[in-house]
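Shared between the two complexes below is subunit A, which has subunit B as its partner in the first and subunit C in the second.
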Partner chain A sequence: MSLFAYSLVIFILATAVATVLFRDVLSVIIVFGAYSLGMAILYTFLLAPDVAMTEAAIGAGVTTLLLLLTIARTTRPTTDALRERIHVPAVVVVGAFVLLLCTAVLPDMYPVGSTSTPVWSNPDVTQHYITETYEQTGVENAVTSVLAAYRGFDTFGEAVVVFAAGVSTLLVLKREVFA
Partner chain B sequence: MTPTSLENVFLVAAGLFVVLAIAMFYRAVVGPTTQDRLLAVNVLGTNTVVILALLAAGLDQSWFLDVALIYALLNFLMSIAISKFTVERGGVL
Partner chain C sequence: MSDYDDTYTESQVIMTAVKIIAPFTLTYGLFMTFHGGDAPGGGFQGGTIVGVTVLMLAFAFGIEPTRQWLKNSVLTGLVAGGVVIFGAIGLGMIALGGDFLEFTMLKEVFHIKPKWGLEAVEIAGISLIVSGVIISLFFTMAAGFSPERPSGTGGISSADNAAEGPDSPVAEVGDDD
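Now for the complex of A and B:
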């Protein structure tokens, strides 16, 4: 169990660092796909399959395709350098900031599966969703049922926003379809 | 709900596959050509599907297989897309 978790975290960190440091844009896109694969396994391991599916569809599918289309239609800067040069002062500032955030936030986080999280501060509401969801919506996964049924109008609004963004992009590009 | 010894075997196997994923990622980083990287990430994707299937067996959660199926499809799509767009202009982009 811990072998799995540790090697997975090492893998994700390695892919993330490689994504940042690579100089060549195409290599970055490919390595970012590997990062997305690792994140999806992590989400699945933490028992969040819906998030893992979204990561699979958005991270590996749509983002890769979008970035590839972009470099296919623009130019890919040619370079001989394998990786980006590291700007030391920026690394120090960002590293110190992240360290500060970690020390400030991480000690207050609840362990995975803890029953003292704010979710359980109102046990009746939580219990209601757990017990009634299947009967009321017919969806087995409680999280999915909240997204698609209980706050369906909100999700519908999000879909409208994405649709509007797509339409405005087409208007700006003066095209009728995404080619 | 203590895992049986067989489920532990699945979990340890999943862990070893993640260690192998790091080895594959070494190839993706070192390269030297884009084709090497593409192939490395493609194998990584197949590896991911195996890991997810082992997790499904080890943690006894059959819906993990749905994620594995989506990844199998998307991994194929990603490799095709990268292959297509990198040779579109007659030669490697």
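Now for the complex of A and C:
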């Protein structure tokens, strides 16, 4: 990983911690938007542009707007304190747990791009989509072909889930019209 | 609803910025939707960006004018129509003799690439649903929760609600004016 990627990870961790620590709700929403943007850039760096676009559009864009709208429609508690009070025993316990997980799990993780990762351990399956996609579907983006052709039925269910999300918002807010 | 628009501040900076950016985001969203097959992106991402364009307009020029400009039937048509079109394309493949959403039937029957079935699902199905739901989520959340409506009551009262349904948007528009 390059220096850029490391500084990006540090930026993401810093914004994540800041999201937890800030007392003011508006500041939290803004910092959370920055966190999502950092994640989007990291996904691009990890060669997952489709995921990066979704994260940038949904995470940094729509979620920030909806959260801003929510505090505009509800109350925003005024406070002089800059950050939340830190509950030290909880931080110690959670921190120790995370540290334990890191020491247990991280050494076993494969380097980015390594050919010994489990993804490559079943090349009959993974290579099938990469080599056959253009032949079978005529689409150059293998992600789209898996999404809409090979796993089309799953995507149909996914689209219906989005539809259900819109309808259930109406139910929860007891409204009958979208606009 | 009389305290509705006190969340809106008319800002010259935001309005000018949105006027400049909106055509580009709309074009980018449509490009992403239509180019999902050969470039990163697709219906989900493109639909979101098209929806966000409307959200930006609502933030810059006020939610209520945007709501009046955008009819409920348009949003309902987008959301429900997308699901229906997606399902219809899937069933169409059964009609051609294949399985649900089996686009290889396009090749066997019409001798065209399965790509066009895939693109049809992305453009006419997913992107419509996603853009419609993003816009609807925004407007329903902006309208907020009205506690005077009875909750958890089935049967007769829900039928009453359905009966007064067509009147309620008209009444709301009147209030906000």
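Worth a mention:
In this text, the second predicted complex is superposed on the first by the 175 of 179 C-alpha atoms of A that agree within 3 Å, B and C clash if a C-alpha of one lies under 4 Å from a C-alpha of the other, contacts with A are read in each partner's own complex, and residues count from 1 in each chain.
The criterion applied here is as follows: a residue touches a chain if its C-beta (ideal position, glycine included) is under 8 Å from a C-beta of that chain, and two chains touch if they have at least 3 such contacts.
Note that the structure is a prediction, hence the values are computed from the model and not measured.
Contacts of A:128 after superposition on the shared chain: neither subunit B nor subunit C is touched. When both complexes are overlaid on chain A, the residue A:87 reaches neither subunit B nor subunit C. Within the superposed three-chain model, A:57 lies in touch with subunit B and with subunit C [touch as defined at top].
In the superposition on chain A, contact of A:49 is made with both subunit B and subunit C.
When the two structures are aligned on the shared chain, A:175 is found in touch with subunit C, with no touch to subunit B.
When the two structures are aligned on the shared chain, A:65 is found in touch with subunit B and with subunit C. Once the two complexes are laid over each other on the shared chain, residue contacts for A:163 go to subunit C alone; subunit B is not touched. Of the two partner chains placed around the shared chain by superposition, subunit B is the only one that A:34 touches, whereas subunit C remains out of contact.
In the superposition on chain A, contact is made by A:26 with subunit B only, not with subunit C. When both complexes are aligned on chain A by C-alpha atoms, subunit A residues 49, 52-53, 57, 61, 65, 69, 72, 141 touch subunit B in the first and subunit C in the second. The part of subunit A that touches subunit B in the complex is made up of residues 1, 3-4, 7-8, 10-11, 14-15, 18, 24, 26-27, 29-31, 33-34, 37-38, 40-41, 44-45, 47, 49, 52-53, 56-57, 60-61, 64-65, 68-69, 71-72, 76, 82, 141.
Put simply, subunit C touches subunit A in their complex at residues 7, 32, 36-45, 48-49, 51-52, 55, 59, 67, 70-72, 74-76, 79-80, 82-83, 86-87, 90, 100-101, 103-104, 113-115, 117-118, 121-122, 125-126, 129-130, 132-146, 149, 151, 161-162, 165, 168-169. Across the complex, subunit B meets subunit A through its residues 11-12, 14-16, 18-19, 21-22, 25, 28-29, 31, 34, 37-38, 40-41, 44-45, 48, 51-52, 55, 59, 61, 63-64, 66-67, 70-71, 74-75, 77-78, 81-82, 85-86, 88, 93. Residues 49-50, 52-54, 57-58, 61-62, 65-66, 69-70, 72-73, 136-141, 143-145, 147-149, 152-153, 155-156, 159-160, 162-163, 165-166, 169-170, 173-179 of subunit A are the ones that touch subunit C when the two sit in their complex.
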